[in-house]
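Heads up, the next two complexes both have chain A, just with different partners, chain B and then chain C.
Let's turn to the complex of A and B:
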């Protein structure tokens, strides 16, 4: 673990040289060794993210124009609904928590170019297993910790299936993780509709979790629960540490940038890919559990509005970097809550959230082109 | 209904469910032969189904719906094409972006087009067409020769796509681009043009697949109607070994699992019936996953599939 400090230097997309255990990655000559918080390369990635967001909002304003709404007014309502007052701001943090957990995990997977798009299913399985564990333990102090362990194991186990299919059989994980979302959601729907259905509720849902497993509210009269604090103060620093300070984080980067070189350098590529996938599954499972134990208190079929897919946009926008992911999950949580307000105020149909996410991903992918174009035109210094 | 009648009706339903999968997987086979992995097919099919429904609903003419579905499919696939061919962006992520974008567009414009809420219905559909004489054959007739026109089209397209890939100059160029675009480019093949052509063909086929769902199979539009079909079609291409004939067989298998999960309630009896019927909804996805484990490992696709290629 000690020889890897050099690897903190942000590497660009250029193929990494074959690493040896002692030398880590050679710094990219194009990027100076500045380590300040706002080094040039970091500043540049912030510009890229900002440009992507701006362009995505501009393109999305076409939707508003088509329905005869003024985009500026719409975005005002969106901003207000997301960050306009303390209550809205706290609600945005509540919304951010599951997105942050999911996308921290996806950041790890994407860093080594493993496209886990099955976070939605991993979230459902983790939430269901965790919640049923809590119900099983009843009002015992063990309920909460045991449910957390089982939610993590559930998400991990669900991700382990496509992980094994990828590493052992070479089957594209994009297809398998995605198909497993349907299996997971349909299975959980079936569980809470039949074998584990609540005997009192009108709609299919699980029994209510015991009070001992409900996450305490940290800010009175709001929904700001312990899970949000765990996401921000435990999961985020842990993932940061894992990615920036450990051998595993270094291996993730090398495997992502150049699997061939990684193999020559003695890195177990399959093991790295496997671990990256199951860690992302674990965090998705935890995200699902905290939604149940902090907000909903029983497993419903409408557990997640697509946080597993939002996580993809967030991880990409955040450059698979924990700090970037924190900022972009806050932003997308704002889009979620703000869009609700836009719908209420202007009678806008739903669909804005998916639309913005799709456009955002396209611009994030293309931001390198756009940035180079702007640099050629002299808008930004090269 | 006697057992045989039910069996025949079920078998016919298997064939019907295979139809959109076959159309879409034929399209995906073409583009993957050219080295492009289009996961945005899921979104393109949704847009095809949606634009087809809108076209038919507002003009009252089914054929217009067919046309708008193809236009919608081509537009979605071409947007993807511009991202991955012109800008050489990551194919997997671009495909996912198209899917998100498509579901946003469909959700949004469904309510723009029908502000009242609820689900609009078409009161006319592409009905099954009984082929004269052939549909009179016992058992086989009602299963295979009493299907919507889409099905006959899809079946005819299997040898046509096969011919296109293996027996034409375009097919030869397409395959060489899929194996190694750099070398193909050295010998004078216009890689971008070949890939755009294949994408337009895919867009039309995927649009048709979407149109089948809203203009023949169901008479309404819901964003959930096509959910998962695109990804199953991508799996079919793998299991069919990038060969149209293989795609036909795989489509029939997956069509059957979908029909089974759809027909679950009719087959099952007893106190657990509704429970089991609901559980059957996972069948198509589980079958796909199992089939990928069993059959996916030996199959090797075009060498340059999914790889970035920047023109020098």
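Let's turn to the complex of A and C:
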């Protein structure tokens, strides 16, 4: 109640319908807001993520024990393979970049409670369209920017189909986006097997992209390409800004939390959902293109080992928060590369990545309940 | 009409013989100073001592609360919104756990971890927002909360319902679906459900807020019946009159603390009101507004309800600026559909709603909001607020796109926050911090928040649906004053309320709605309450 004394000087002046800008721009310095970096609710979501990861690793150790490996040793190799030396660390960053791009987009969609399961397909379409654009432009300076634009448009366009079905016809986006993954992957497979097949390669794949469209390597003797820097230094801040500082981000939150209230408050719910879905498609398309232009240099049928699905786990684990997504995509990329090392060193099945991811999603989805249980038992303060 | 009924109820209450439990009163009057000796505790059905509860946002909802309920008494817990009444009762019924303090049931210290445990101890709560499944029958709903081993035996539960309802004279058909029952009967189902679980202490949270005056009388009859059967009933309320009429003892809470416990027979409305709200002065009717140009002209409006049938049938009316038009009527006569059509949330079949030469019918809500229409909605939880967003964000809902709150799509969070702080003070919203989630507020404060948002955006027409639902005297008074103030400034107000007193008090003109039509209109000066009441029920004479 100490606040009230300060309040009177500000408010007594005008009972006008809206506060005047002058009074609105002078906040009370004596009243610290809990909008800090580590607010209680944010700390709580960090605990939640940590608990889910821990439980997922515990369950995975059971798998290790069953297959006859010492879980501690396995996790050591996993850690070493992911972050053990500079090379491994850079490889983990290389792995992280497509996951980060995909999950940033999914974070936007999920914030609005639009469950885009179709990032994998959007990634393929974007990559294919972008790569073919680069090939079309040949060795010209336009090839790279044009391919980026087309990859973004390709991912957007592929996402726009389920988005329109959702907003115009009310068809559940989970089913449409998911099923369209198969359509996209098979479509791209057909394209690179027949009409756009490389004349020189043995396997079905597209022609190699021109050198001008290849993303420059930023750290010599590694695969650290420009796309990673773009993901980290452009896409990430941009998405953060979009979500935290703009009216669009505000609308995303409102529509996600209560569409009925959004409609009542004059927010165009359909438009917001549509935009959220196509933005996530755009980022998935970009992720696919960077894989082609930075790593693989032609579109292959095995373009992505499921980054579109990994992105779902990452976005959920990161709580749809760009910073959380950055950390969790780094973590999942580490698990990807680490499990490769585990399977080499200990002869473990390479499917461990998918296993950990699956278990992780289960625990992330259940983490709210686990957290409440722990709070009830007094492990955490409510 | 509610006024009349209160007199009725009051007189019947006075005819009741004074209960002998009053004799015990004097010994236990000073609850706070009493040490909990088990001998004395055993008089109490439930006794709590030193309960403190701080929410995660720092709000101290209960501060060292000590209070007891005797066996077989009706105990009212009186206090304004956010006084901590509901928090205390949620602690008793196991929905929340206290930070400190102990709970004694029948003189024995207990720990109540969850609602099931509370029910086992004989404590059951009927929440403000009823928790029944609409598409289930009464029996099925009761069965939900009675775990029977093995196969579902609906017959046994059905018989139990019949036995319980006969015993107390609570008529109910166990095979009706909940959705076919009016609110009063749904509440009765909740009570029966608790009784079927052999509950001895019933907690009713704001039970009258959703009821019509007749249903209130019926509820109070039930409560007295429960008392005669030896059950203890705790009624949470912010209405002083109700507390006096129905209860034996009254505990007053203010700002999380128990102020006093009084015998209902030894006190009066004045004393209670002054204890509930410090320094409360009822205001008089504000300055009359000067009715000006028509702000909204509605002509021949037809709107379909959810069932696909016309719910609003050719409604015509107009509201002038600087005027309050009250729409009276029993709920469910097309008011909801009318409001939704006017605010763009529902399609209109035909007809026009014209504001400054611009037809608002079938326009999206964002268009109508921009034209200067505010809407205080009845469905505050479902539609009026976003529970998991901050108070700031909720208050910004309709103005986030305007300067100075955002420019070129970029939100100015400082301005949004300081507007929130300003509104929190001006509308006396009990919140620790504008960044706290709305879900941490009490029901009454959520109502204040929504009203604050809708009355502060400079609209030229305010559509207010139950603007003071769930609010205490002081808060209602503040909102009434605000509405009258805005009227004086030339704002047009369209008021829908189930509380006829409120409509009569505020409106310049009153239109009566029945079966989707406006069936009559009164000028506030020459009001015939009898005729008005008859019209509301569809009688044409």
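Details
The rule is short, and it goes like this: the second predicted complex is superposed on the first by the 349 of 382 C-alpha atoms of A that agree within 3 Å, B and C clash if a C-alpha of one lies under 4 Å from a C-alpha of the other, contacts with A are read in each partner's own complex, and residues count from 1 in each chain.
Following the convention adopted for this analysis, contacts are C-beta pairs under 8 Å (C-beta built on N, C-alpha and C of every residue); 3 or more make two chains touch, one makes a residue touch a chain.
Predicted model only: the values in this text are computed from it and were never measured.
Legend: residue contacts after superposition of the two complexes on their common chain; A:40 is shown touching chain C, with no touch to chain B. Using the contact criterion defined above for the overlaid structures, shared-chain residue A:376 touches chain C, although it does not reach chain B. Of the two partner chains, chain C is the only one touched by A:246; chain B is not.
By the touch criterion stated above, A:254 is placed in contact with chain C alone, chain B being left untouched. Of the two partner chains, chain B is the only one that A:358 touches; chain C does not reach it. Contact with neither chain B nor chain C is seen for A:61 once the two complexes are overlaid on the shared chain.
By the touch criterion defined above, A:265 lies against chain C but remains apart from chain B after alignment on the C-alpha atoms of chain A.
Taken together, the two complexes place no residue of chain A in contact with both chain B and chain C. Against chain C, the residues of chain A that register as touching in their complex are 3-4, 7, 10-11, 15-19, 21, 23-28, 31, 33-35, 39-41, 245-251, 253-254, 257-258, 260-268, 376, 381-382.
Within the complex formed with chain B, the residues of chain A that make contact are 63, 66-67, 115, 117, 161, 165, 169-172, 174-176, 178-180, 182-183, 186-187, 189-190, 193-194, 309, 312-313, 316, 349-359, 361-362, 365-366, 369. Across the complex, chain A is touched by residues 39, 83, 87, 89-90, 92-94, 96-112, 227-228, 231-232, 234-235, 238, 275, 278-279, 281-282, 285-286, 288-289, 292-293, 296-297 of chain B.
On the chain C side of its complex with chain A, the touching residues are 56-57, 97, 113, 343, 345, 364-366, 368-370, 375, 377, 379, 382-389, 393, 396-401, 403-404, 406, 409-411, 413-415, 417-419, 421-423, 425-426, 433-437, 455-459, 485-486.
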